[in-house]
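Contents: one structure, followed by commentary.
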């Protein structure tokens, strides 16, 4: 086995990505400013801000979790994979911005559409990262077998795109779609885990 | 021994959680803005801000420390545990907000109650995380044996709830309760450490 | 082989640097404030802000990636190397400032020049770090063999300096140079990877 | 050898501390706001802000570096050590605040004194951490032998205290003392490294 293409250690990419994930999640809170008044009524206008924060928090945990499963399948890390991963982190890093704009939007159309865009682009970037990993491992990659038809991965971008379109008419439906896709993903991706276990059993059997 | 349910490595969850803990603790400082004046008198209004920061800093260290002991008992990490852990991090991430509001409140009732709420929810989330870990390990889990009656874990939410209620009448008593619970926890949780040592001794004896 | 000069573990320096990289990249986003209006037109003035963020994001990933390759070649870490590394992190930590000023500059000369300066100084610091590592390893260091003539490393500072000079006349050309240098570096540094593989093969052959 | 008192893994404490160090260093940059004007002249008022940032950056790297050497000597980590470490991190976390106030102070007395206080307290906390580690290891601890008379460690608090006192008369002398102490520490602490090497040689000899 040659390590020729493996120019970056998978561990360090994972640690770096974890750091970025942790910081993105946590700095979103900096977008929630304590009110100047000191009654419970002063918290009321912050309700949509909190709800957008909660939704984006869940999305980022989903990405962190799936990213963790994804990198588990990686033996070789070449330059393309490194850039595909950075590309994903770039789009994820913009989620605090779109979240903050959504939270203060009062149901306006543009922030509802932009939020969908800020979810669509990481989904595209994640698909490119999967593609880069599969390509660097050849046809028999653990990931490829694990993905199978990858229904959720293909459905999500379509749903985001639909929600972006609908945001120009009824933002409320877009919100519901964003929440529904998050719920769809909350179940962790058993496919890869199962495939890894299958590999593990085979290896134990040898 | 099967690793079927173990879809996330305990190390990465710990590293990710550590990152979030470190960031939550440190960004709280961003809520303390240097005064525009440059005399010692200009620092006086910041006293309650510093005291709230100190209290929340201590609470977050307590959570970090107990969380560390808790994850030490984990062999298997399934999806439920991952989400229970994320749920805990979510509530902890709101502590900078409630701390900042408390610091600027001048003894008002709502911020004193909200601060208690922002302590109560992580306590509930921590209990759920313990429950998820015990459930995934079965009856003989190290954690279950270690917890025993878990007096502190059961007492804290009751004290927070009491403090929230009292905040509507005498916020000062609530403050005292928050400080008292922190002092109660500062002693690290020897129960789990002792149980791990007991296990360790048994293993050495075999 | 003596470890006398090796007073810092390479792993911890790498982990600490990774943390700083991850935070620098992510806090740049805090410089992008959501507009107060809620129409797409309100995003238009943010276009240069986003473009500067994208460019700096790419530069920081390039530095992170090259830094990773660089530290891979290190066996010994003495005080000079530690300070050379900190010196690099210091200049990188100022990139969010120069990026933010550039983004809001509307094509002004001073921010275009300062941005070049904020790229030039890390390039100088990186060269010093390479020098410190080579010096601590002696003539036969893996890094020295890998660097060879190091065309990109020598060309970049010259290009930054040119761009800084031109910024006082035509900032647009400076922007183009900054983008061109980034593109030149996006290809990861195969030299070190190749040299490490060569070493690896030699070791396997023995 | 019993691990009874070792309830926290040294690695995780180090990783957590590293995270806090990295974040404290980097968020200090958030205190430097880009000027609204876009000429070089608009940067002039930021000069003291940059200088304070540079000084605090150096101090935090010194602490990070010494902290790294310190934890290298630790085999056992008990609750006292964990709290002594947290106590150190607490005071370090206030450095961005005092740095920011100093940077905007225009040579005023109170910020010069407070900055000294924000250096004095981590120095005291560091001494307590050393004490906690030595106490948990007994008389023959590597650290105790390494520290010897610990001239720098004893001199620094005295110099900070002097600088605090002088700040009420001539802040300029305080600044000079802060810079001088930093220069004194920039040389990494060879004592511990030497002692570890001595231990290492002894172990190799056996």
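By written order: A, B, C and D. Residues from 1 in each chain.
Heads up, the rule we're going with is that a contact is a pair of C-beta atoms (placed from the backbone, for glycine too) under 8 Å apart; a residue touches a chain by one contact, two chains touch by 3 or more.
The model shown is predicted, which means the values in this text are computed figures rather than measured ones.
Participant: Since subunit A and subunit B are copies that touch, is their contact same (over half of the numbers shared) or different (under half)?
Facilitator: Different, since under half the interface numbering is common to both chains.
Participant: Enter the angle, 0 to 180° in steps of 5, of the rotation superposing CA atoms of subunit C on those of subunit D.
Facilitator: That rotation is 90 degrees, given to the nearest 5.
Participant: With centres defined as the mean of C-alpha atoms, identify the chain lying farthest from subunit D.
Facilitator: A
Participant: Just how far, in Å, is the C-alpha centre of subunit D from the one of subunit B?
Facilitator: Result: the chain centres lie 26 Å from each other.
Participant: In whole angstrom, how far does the Cα centroid of subunit A sit from the Cα centroid of subunit D?
Facilitator: Here the centre of subunit D sits 37 Å away from the centre of subunit A.
Participant: Find every residue in subunit B that makes contact with two or more other chains and list them.
Facilitator: Correct list: 15, 19, 23, 27, 30.
Participant: Taking the complex as given, what residues does subunit A use to touch subunit C?
Facilitator: On the subunit A side, the touching residues are 3-4, 7-9, 12, 15-16, 19-20, 23-24, 27, 30-31, 79, 82-83, 86, 89-90, 93-94, 96-97, 100-101, 104-106, 108-111, 113-114.
Participant: List the residues on subunit A that touch subunit B in their complex, please.
Facilitator: Spelled out, the residues of subunit A in touch with subunit B are 14-15, 18-19, 21-23, 25-27, 29-30, 32, 34-35, 38-40, 42-43, 54, 57, 61, 64-65, 68-69, 72, 186-188, 190, 193, 197, 200.
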